[in-house]
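Consider the two complexes below, in which subunit A is the common component and subunit B and subunit C are the respective partners.
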Partner chain A sequence: MPSLGADMEAGTLVEWLKRPGDTVRRGDIVAVVETEKGAIEVEIFEDGEVLELLVAEGVKVPVGTPLARIAGGVETPSPDAVPVPTPLPEIGLAPASTAAPPPARPAEVPTPAGTRVSPAARRFAAERGIDLAAIHGSGPGGAVIRADVERTSGQGPEKRHAGIDLSQMRRAIAAAMARSKREIPHYYLSHSFDAVAAKEAVERFNADQPPENRLLLGALLVKATALALRDFPEFNGFFAPDGFLPSKAIHVGVAIAIRGGGLAAPAIHDTDGLPLAELMSRMRDLVARVRRGGFRSSEIADPTVTISSLGDRGVEALLPVIYPPQVAIFGFGSLHDRPWIVDGKIAPRQIMTVTLAGDHRVSDGHRGALLLRRIDQLLQDPQKL
Partner chain B sequence: MIREDLRAAIIEEIGNIAPEADAAGAADDADLREALDLDSMDIFNLVVALSKRLGVDIPDADAGQLVTLRGAIDYLARLA
Partner chain C sequence: MSYREAVRAAIREAMQRDPRVFLMGEDVGHYGGCYAVSKGLLEEFGPERIRDTPLSESAFTGAGIGAAMGGMRPIVEVMTCNFSLLSLDQIMNNAATIRHMSGGQFNVPLVIRMATGGGRQLAAQHSHSLEGWYAHIPGIRVLAPATIQDARSMLAPALKDPDPVLIFENALLYNATGEVDETVSVDIDSAAVRREGTDVSLITYGGSLWKAMQAAEELASESIAAEVLDLRVLRPLDERAILTSVSKTRRAVIVDEGWRSGSLAAEVITRIVEGAFWDLDGPPARVCSAEVPIPYARHLEEAALPSTDQIVAAVRHLLGK
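On to the complex of A and B.
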């Protein structure tokens, strides 16, 4: 059971997406785990063949418990695993729909060639006589997973926040933010800038694009911040017990609000190297998955910095709280019409305020200010993003 | 397509984007962003979904007309 955050102690294995005999490659999604942060897809970190599944679906185990054995590899996905696959009592963590697997697999339901179906989805469908061919898969590589079958059957959990327990999420946010305020000496900087160039660049680009290829201003804000961070390594990485560990890779966590309360900030990997169109489509994908509770273990575990953007209905500025063990977080306020000085004259412009909360154990306000100015500069020349 | 069909299509697509939002219960003139807590990404996805479903092009500059149910129905009725 991987640790998906400093405060995670245990997780419930909701679904296996692989079974013994399957070949797995590094990065494959092998299982779905339910945690305080919602349902998270667990990736594997080595190549090999699945020999044995050590934890049954529906069972809650402590972090560090081996989940499966992989041929040729160490027990995985937890290299520092403790061999204690003893189920913990269920304490309101597992979704009610997670039944224990039946002792014998029901008859296989035929599926069209090329369609991948997770074992749990196959079983669920078989038990209820559902035709898998008619189901659109939302799992990795278009695979049909149990949630897809549940949706089709109408027997699944309610649509509302499937996979997300909001009270658990609130507790996770509370624990992380309390730790942040207790341990991290924050300093805050704020910078207002003319956002017209960036906004007009988005409008020009979108004018001759079909809807699905268009951009939102938010993608430019994330890209500019990621590019600026290349020259400011003291804002990108983790604070470990031995001190700051800068990260070469820039994995921006994007804070995504969940209607009804709660938020998550999963990572967009290697944000600085993504073309805007790709970044936009990753952001869309992430928002959709966060809101239905389906992000992946690496997305949750490894953002190196976070951006919180208020979008178009927020206020001028936000003063964000660093998400430990990260050492910086950026906030973008909503666009506001303001009188601004342009070429010595007052002109109405659309102004945005970017803020930075930095960790004073690692960086100082002087560098933070230079970083915010760099973001501003990059957004004045959006063609280069 | 008559207005009631358009209304049903819009409400269904909002339901796909924001399952927990009560689109059918929103007043015709209410700003959907305020009434249903939709953000710019949700409106973006609504424009994508409606343009696909109805086979119409909705220019980015017109997206602002889709933020109320009445505005969206009026706008799409003109295109359809």
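On to the complex of A and C.
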């Protein structure tokens, strides 16, 4: 069971896409795993043949549990050496610090004190490993009844289906953001810049492109940020218990809003090395897949830094919250027409505000300010992006 | 056909088919029955088979038991269940036990009919619902026909039963009318779903069935789909039907004209909790008679008996509405 996020402790294997005897190649999607962030496709990192599936569909196991045996890849452990996975019952809200593995418990689903849960709801949740803590009750006195569990889990009595569980996702966001604000000493910087050059570059590029190939300004913002980060390693990486671990690779997580409420920031791998057109098509693909709940495991676990962009219909600026264990997040506001001084004269220009939330345990405002200026600089010469 | 006529047609048919069948009770002959059920039967079948008895429930019930043991198929009418307490010793200590006490040498193929229920301003000695007490006794079968069809069709299988069967006829139903299919035969084992629903099970029997049906109709206008289960047979209870319905709706309200404490409703709820606890979305509720002698004054009597409004209120409460 791969770790698909810093705070993930366990996952439910929803569906096997490969069977024993199937040949797999690195990068193949082999299974779908349900986590608090939704259903995630699990990639394989070895070539070989599937010998044995060790975890049945519908079973929840802790991170690190072997899911299957592959022959022809790395050394295959003997069957005896493979521990039999034990199904893991749901526990309540996982502590954000991920200290100890969840203790083994009988198949009783605990609930916060004071919340009433009907027997029918309890059984329904227990049979499917649904955590009742996140479920809003609609019964008398706020009691959770079976219909609430069915609705919240997005599964009727019949078959569970993969997809985004918005209430689970909200819970995951709540845990991550509360942890961030509790643990990370944020500092904030803000910088407004003239975005006309970038905007005109996009228009020029799009002039002779079919709609499906057209660039969005967002791609330039992501690319400029990724390039700027090459010289500012203290903003790209993870804060671990022993201190900061900078990342050589720059995998920008792009925040994508999900209809109905929900947010995910999966990675675009090696963002700084991608040509703009390629970057744009990756972003497009990612948005489409996120909205139907189809992330890949590596996309969800790998971002080294995050960008949140408000797009056309937002406001001037946002003050984002760092997604732990990352150490920085950038926010781009919407374009606004503003009077601006150009060559000593007031001129109407399209202005954008970029903000940076940095982790003061790792970096300081002085470097952050230089980083924002570098992004500005890069966007003034968009041909080089 | 009225409920009264349905019971009469059932008795007439039984007497025509089987010469061992006879009717015995207070005023069943010349007066035509306290509720006019047996009106005209004396003229048709004569005093040998339509027998007026002294006002002595213990004596004529005991006589019925003896006749049954001797090979007859008696129908004993006790005017109301309130008076049946005088024959309770015969019913419980003789009718219900003789098969057991005789090591299976004797059985008692006896049918005892009695009126039950309040609502007619007949005060505290004529208005009670004691069928729940009888449903406590092993060795007898207890029926509560609530529909005209059941009133017409339950007597025949009751007479076929080799052991004692008690039939409780809610006196408020005698004037009710409805269609009857003369060719239908019914069982005396199972409960019947009288209205399908998904949100709550209204479990009831006898005269309360129609209050529950009315309540279900009112609830439907609030988008609450109530299922109505007519128990029909109070002993042995059709536990499977009860659990099936409640497992589907996940909520239950029992409507029982008996008093609340130690009631048949209490037994039904216990079965639900024993057998369907993990299917429940809320605690089972019940609408029973107030724990008072049923009053004479109309407004007090109405307040004491289960009502459609109380059923609707109980369902709303259970659903948190």
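We take it that the second predicted complex is superposed on the first by the 298 of 385 C-alpha atoms of A that agree within 3 Å, B and C clash if a C-alpha of one lies under 4 Å from a C-alpha of the other, contacts with A are read in each partner's own complex, and residues count from 1 in each chain.
Quick note on the criterion: contacts are C-beta pairs under 8 Å (C-beta built on N, C-alpha and C of every residue); 3 or more make two chains touch, one makes a residue touch a chain.
Everything numeric in this text was worked out from a predicted model, so none of it was measured.
Of the two partner chains, subunit C is the only one that A:Ile145 touches; subunit B does not reach it. In the superposed pair of complexes, A:Arg313 makes contact with subunit B only, with no contact to subunit C. In the superposition on chain A, A:Ala71 contacts neither subunit B nor subunit C. If you count the residues of subunit A touched by subunit B and by subunit C, you find the higher number for B.
In the superposition on chain A, contact is made by A:Glu212 with subunit B only, not with subunit C. When the two complexes are laid over each other on chain A, subunit A has no residue in contact with both subunit B and subunit C.
Taken together, the subunit B residues at the contact with subunit A in this complex read 18-21, 33-34, 37, 39-41, 44-45, 47-48, 51-52, 57-61. Put simply, subunit C touches subunit A in their complex at residues 250, 277-282, 317-320. In the complex of the two chains, the subunit A residues touching subunit C come out as 118-123, 138-141, 143, 145-147.
Those residues of subunit A lying in contact with subunit B across their complex are 159-161, 203, 206-207, 209-212, 214, 216-218, 257, 259-260, 283-284, 287-288, 291-292, 311-313.
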